[in-house]
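Some structures to go through are shown next.
Note that subunit A is present in both complexes that follow, paired respectively with subunit B and with subunit C.
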Partner chain A sequence: MIPRLVAHIGRLSVVVTMFFSFSVASAYAGAEIDGLTGTDFTFTAKADCVSGADGLSLFIWGFANGDGRAQYPGPTLILEEDIPVTIHLKNEISWPEPVPVSLVFPGQMDVTATGGDPGLLTREAPPDGTTVVTYTFTPTEPGTYHYHSGTRPDLQIEMGLVGAIIVRPTGFDPGSPRAYAHADSAYDHEYLFLLTEMDYNIHRLVEFGRMDEVDTTTFFPVYWFINGRNAPDTMLMAGIPWLPTQPYNCMPRMHPGEKLLMRIIGAGRDAHPFHPHGNNARIIAKDGRLLQSTPGAGADLAISDFTLASVPGQTIDAIFEWTGAALGWDIYGHAPGDDPEPNEYMPDHGKAFPVVLPGQQELTFGAAYSGSPFLGVFGDMGPGEGGLNANAGYFYMWHSHNEKEMVNNDIFPGGMMTMLIIEPPGVPIP
Partner chain B sequence: MSHSMMKTAVTTALALSVLAMMAGGASAADFYLRAEGLTKNMPDPNGGPDLPVPMWGFALDDSFEGTELEAADVPGPRLVVPPGDTTLTIHLDNNLSVPISIVIRGQTATMTPTFFTDDQGRQRVYSFTHETPAGNATQVTYTWTGLKPGTYLYHSGTHPQVQVQMGLYGGVTRDAAAGEVYSGIPYDEEVVLLYSEIDPVLHEQVDDGSYGTTGMTSTIDYSPKYFLINGEPYTASTAPIAAGNVGDRVLIRFLNAGLRTLTPTLLGAHMSVIAEDGNVYPYPRQQYSLALPAGQTKDAIVEFPASGTYPVYERRGSLTSAGGSSPGGMLRFLEVGP
Partner chain C sequence: MKRIRLYRVCGLLMMVLAVAAAPAVADVWSQCPPDTDGVDTDGDGIDDNDHVCLHVSAGDGFINMGDGRLTYTFGFSDVTGIPDGDVMMAGMLAAEFPGPTIVVKEGQILYLNLTNVGMTIRPDLFDPHTVHWHGFPNAASIFDGVPDASISINMGSTLTYYYNVVEPGTYMWHCHVEAAEHMQMGMLCQIYVLPIQNNLEDGSDLNGFTHHTGYKYAYNDGDGSTCYDVGYPIQIAAFDPEFHDASLNVQPLPFAMMVDKYPMLNGRGYPDTVDPDPILNTADDLGLEPRYSQKISSLITATQGDKILLRISSLSTTSFHTLTVLGIPMRVVGQGARPLRGKDPDGDGPLLGEDLSYETTSVTLGGGEAKDAILDTSAVEPGTYFLYTANLDHLSNNTEDFGGMMTEIVISAPSPSPPVPAEGRFARPVGRKLLRR
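Entry: the complex of A and B
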């Protein structure tokens, strides 16, 4: 009776897993980066809170899309090369004291600002909730960029007033996308990695109105974020209701043989060595410019690296590829005569798995294990084991290799970390 | 040509080099440097009285213990080696109370390190090269040969974790040819941005003698509070730096004499980053920002797209004085004419 019940629960868990996988997959809007498209945007700077993945509430100042809630990071703007854009900024930040806010756009030329008050780097929106500063510019080069407040950046970037900009090249074809006007920047999936960190003490002092005690020179972050979330929240769906001010996720997925474009933005104050497990990535652009020897040469100066140095304020674009090349065994578990899979690494076709797997009683299973070493194959596990690997994919941790940044306020795992999922051929990735 | 730091020193250096050439086309540049204490006033974050910070600096003399051409300052005078000179000689007059020295990373010199014996009997290096004793009666000479063109830092090579912080640093440049920073890389105008920092606690303790005795015993707790470009934090009265006109090739020399990696960021234009530590990249890099590690130099050429004012700010947030006030710190505006 008991064994049968266990078996039944096991079967049930598979069913639940499959349902979970369906709901997860269908909700991903992540393969194309979430953000706002268009040419005319309105931001409102507001005070709000974000949740650390450990449940701690952190007071922020953030940009809201229109009259929505503040969000961290601010709305990702997806623009088109040579198409002028206008961003209207209002400011409702009154806690702990009214502070002016502004926007600067590193890497953009001829930015004009009108309205509001003169500020140090650009015109500023006073915290009256009504005055509008209007910024206009024409993004003349495609690529990955960011914006941040140009008012007291040492504090306001820390407080959350920062966001991503993506500029599509002229003639962008979503069916055959390229990051730049060259085939070297072609990709199948793109993901954003906006990297930031927070010093809890600064946020607490601001929240409690103790502005006089804020000292940005003693900056000591204890939370690290990708797209505004700490791990493991990075892997939750985008737009989930219980993270209302952190709408963006970071759940990269790809099939073997595809090209995954990593758009990495060093949006905080520290450099982060971002490490994609599974393979090197090829850095094709920095600060929105292809690494090329001459205009039109493509990314002929691209650098293959296994840890991508993200410099504060800088952006890099990198192409990650994975086929399982040179593992020395067939990841699909083929017999030598079987038909190959799309993009299979053929030198290993039909090669047997090189070790005998231990028995189930001798293993501890991770939640992302499918029960089988083969891609797309589920295997038996004990009841209640696994469950997070919906399609029997391969999981690779992608993270800051400054290991202390993989924590949430000193508790591992967390922080600047997510997983790449290599999905079996045929699994839909939006 | 220069709109940057130490205008007097540059002029003097050029005058000296002219003198040197008049003396028979000598291929060596000679500078007489004097080291001594000075006080720099740093702005109070709450608008109160300035904080006087004791520092150590260099100044230019016309000969050893001869005419003092200027007061000591931080950074020290920029040493401009004429393109034709391949040997640099610095004669040092040390008016400080401790031995010092001068090193230039990236240039070639015969190094003769100085050791001391610690309380466990171990020989430990104290100075990367020979020292100039405190209050030296005769000049001590430092010579570099086979000078490479480019942008470099000179600084004390003695007890550097203290002496560099105290202010014993400056820029030294040599162009490959007149108007060419490196061979085949011309420029019309130049801007020098020399970054450094002040942790006032160290300065106070070194000045009152408590450093290493009753006060702190190392610089491990370094926590800079003032963030300088060309020796001064940005304040509301800091003048813009002239950066030529539209169409000019403007050379920006970035030097980091501080102890942290900085990220100077230019708003409104991309730079063509051409060299690092005096080494030309095979291909220039188009960036609006750059990582500038401690002790490093980078050179960039900018052709500004329009006249106007272009901010260069430190993106890691070194934009305050003592963490509380803004504007401050590592910010400058570049003024580009039509």
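Entry: the complex of A and C
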């Protein structure tokens, strides 16, 4: 019987790149979270649409960067510790009716607001397109935060007026990045997971000018988003032209032995148990504060878990690592004499694959399977199979474990889901 | 720039095969290589018994809700020990809910054979199945069970999963094919790993705590802080009856409208949770042979003075749930299959850091979470206590009030005569199905 695992000559051309993010629009070379840097920002609240991954258009209200198009979520702000920032807010929302909007910044202290009209939580920008409300604050603590409209937030956050804030620690070095001052927060790659939901009925009623019928107490979501997209759009490239109002993606990638920082934001109104397949993650901070017993101790109160419960309004910073250690077989398919890979678990070097895999006709193959159980190795799967694994990496589904949330308006799969790719050593990750 | 590699793996594979060659077409074929490495990895002093081989089937079946409603399910069932040629017949319509609980020891190697026996009631379905060991550390994609990322097994064939068990704690396992559907339909199970600290020599010192043979711990705590007398796995899940009926009646499945109405512990709604015996389903209502498909009781029994370890996990597909216990102090000692301890002050040594365990009266879990809680009955009067959900609307079996996510903890008075022997006790209520070797 021919063994299922066969040697394969590595591919010479990159294929199917359209599904993976290789481009990043960011100020930092090598940074993986798209966003705006600086100290002075202008947001314009506008009406627009987003695409559910089932193809449906959902009417939204979103924050645009300056005169650009509204986006969902709003622009991610990448700020620096102790550097004051100013955000000017204008409002052009006139459909279905003029509505005021505002900005609140959970976790930030001493936010001042000037201009516009008084509102319940803060000053609001009337929908005249010219009045500017100016918010200023100084982020004094590094970490992961978010912002959202403070005007009728039960409706306006649902409609899309929400976004992320990342505060870099003083002395942040992009070549050796940390989320906080302490070395316990060091990472090699960072990714944003801004989690939201949408009730399609609310968006329909608003779109058709039936605001009086909107009842947010009967909220029943059927769309779930990471960074403003439903799966599988989460895994498309950032900034693709056919999702003009959903510029951000969620395509985490790493190499064995590296540290991946997950910045999880509960930006909606439901709690979500976020489950990264592949290993536990170590929660090092919540709500922008390291889990530390005394200042300077580092994350000595960190909790390791395989499912991270994201609750509304809370942010979590977690470090995910994967080495393939102690699996009992050589994940690269080495012969005992072969050279080691970087960060390889050497006690398993050269150990044979421990079972016989079934024949091709007995298996259903995943589109992200390389054809081989070994990292960096392609295998034969028959015509038409696979195709989404450009580098023979290991794919792991990262998703909300309330499985109902992996659905796009009654269509499975979708929703609050993406994949982590553990790429073989040497594969470039921007 | 891609790296080009050429590997020869044929020879490696052939050396692994200890029994007959792989089948050429669809066939049930379980693998169980002998342990010939000459190393005792599970700490029991014997070097050729570290392999655990289990065989489960994946298919469909029926269970009864707490109000009696017959409900169509997908699920796993234990076919360990059944000859390969008989597995299809044994597994068809044998789905259990929850599926079989797997208990393994740190240091063992688990060969889990999964045979897809098809859906007898839905011959139009050709779903493959997988096993996802939820929380397995450093999992490799090939054995992680996510169908899009690797492989899943078609009807009539067997896929053998391999796990080198190194991390003690409480986990879950479930099918990940069309996860929202297969999990809602009931392909959910429990798995937990006993720590190697259980195997220490009698009299060993654990930083001031003296270990004796028979003492059991939830983790390698190094100080006896997770020691317990009786342990119970408790799994939270819930069913949407309309989803299951739609599956039975070949209708489109209501994913968007999924609303769970039968909250359960270990696959049953109260008062079935406290029935110590396996429950026979009423599939004879449909002209089918009735089967024991709910084999796991949630009745907790202990003697005053016992420490009860609750290995709580949730595989709910829709909601978070909070469990609470009236009258018995509870301390959460583990989460996500890790002890609640801070980092080792010296680095990565065997010593565990600051004690992060906490006393509480409530434990909240979303789908995919697991927590270990120890109930201390030393100051508790004998009697019947309740473990139930604080989501009080979930104390129901659909419209039948009251029932649902509740069970009983029965504490009996300690026996007046001889003191507890040094070997300790390991209570296992009748009817709980455990797979072990």
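Quick notes on this one:
Note that the second predicted complex is superposed on the first by the 397 of 430 C-alpha atoms of A that agree within 3 Å, B and C clash if a C-alpha of one lies under 4 Å from a C-alpha of the other, contacts with A are read in each partner's own complex, and residues count from 1 in each chain.
Throughout what follows, contacts are C-beta pairs under 8 Å (C-beta built on N, C-alpha and C of every residue); 3 or more make two chains touch, one makes a residue touch a chain.
Note that this is a predicted model, so its numbers are computed, not measured.
In the superposition on chain A, no contact is made by A:Ala186 with either subunit B or subunit C. In the superposed pair of complexes, A:Met237 makes contact with neither subunit B nor subunit C. When the two structures are aligned on the shared chain, A:Leu301 is found in touch with subunit B and with subunit C. In the superposed model, A:Asp154 lies in contact with subunit B only, and not with subunit C.
Using the contact criterion defined above for the overlaid structures, shared-chain residue A:Ser293 touches subunit B and also reaches subunit C.
In the superposition on chain A, contact is made by A:Ala271 with both subunit B and subunit C. Looking at the superposition, the partner that touches the larger set of subunit A residues, subunit B or subunit C, turns out to be C.
The interface of subunit A with subunit B overlaps its interface with subunit C at residues 271, 293, 301, 309. Residues 46, 223-225, 261, 263, 265-270, 283, 285-291, 305-306, 311, 313, 315-320, 322-324, 326-327, 329, 331 of subunit B are the ones that touch subunit A when the two sit in their complex. Looking at the complex, you find that subunit A touches subunit B at residues 104-111, 120-121, 152-155, 157-158, 212, 214-219, 269-271, 286-289, 291, 293, 301, 309, 311-314.
Those residues of subunit A that touch subunit C in the complex are listed here as 1, 3-12, 14, 222, 271-273, 275, 277-280, 293, 299-307, 309, 322-329, 331, 333-335, 352-359, 361-369, 373-374, 376-377, 391, 394-397, 401-404, 406-407, 409-413, 419, 424, 426-428.
Against subunit A, in their complex, subunit C makes its touches with residues 1-10, 12-17, 21-27, 29, 31, 33, 109, 111, 128, 132, 134-135, 137-142, 144, 146-154, 156-162, 164, 166, 171, 176-181, 183-184, 254-258, 316-320, 335-338, 340, 342-343, 353-354, 356, 364-370.
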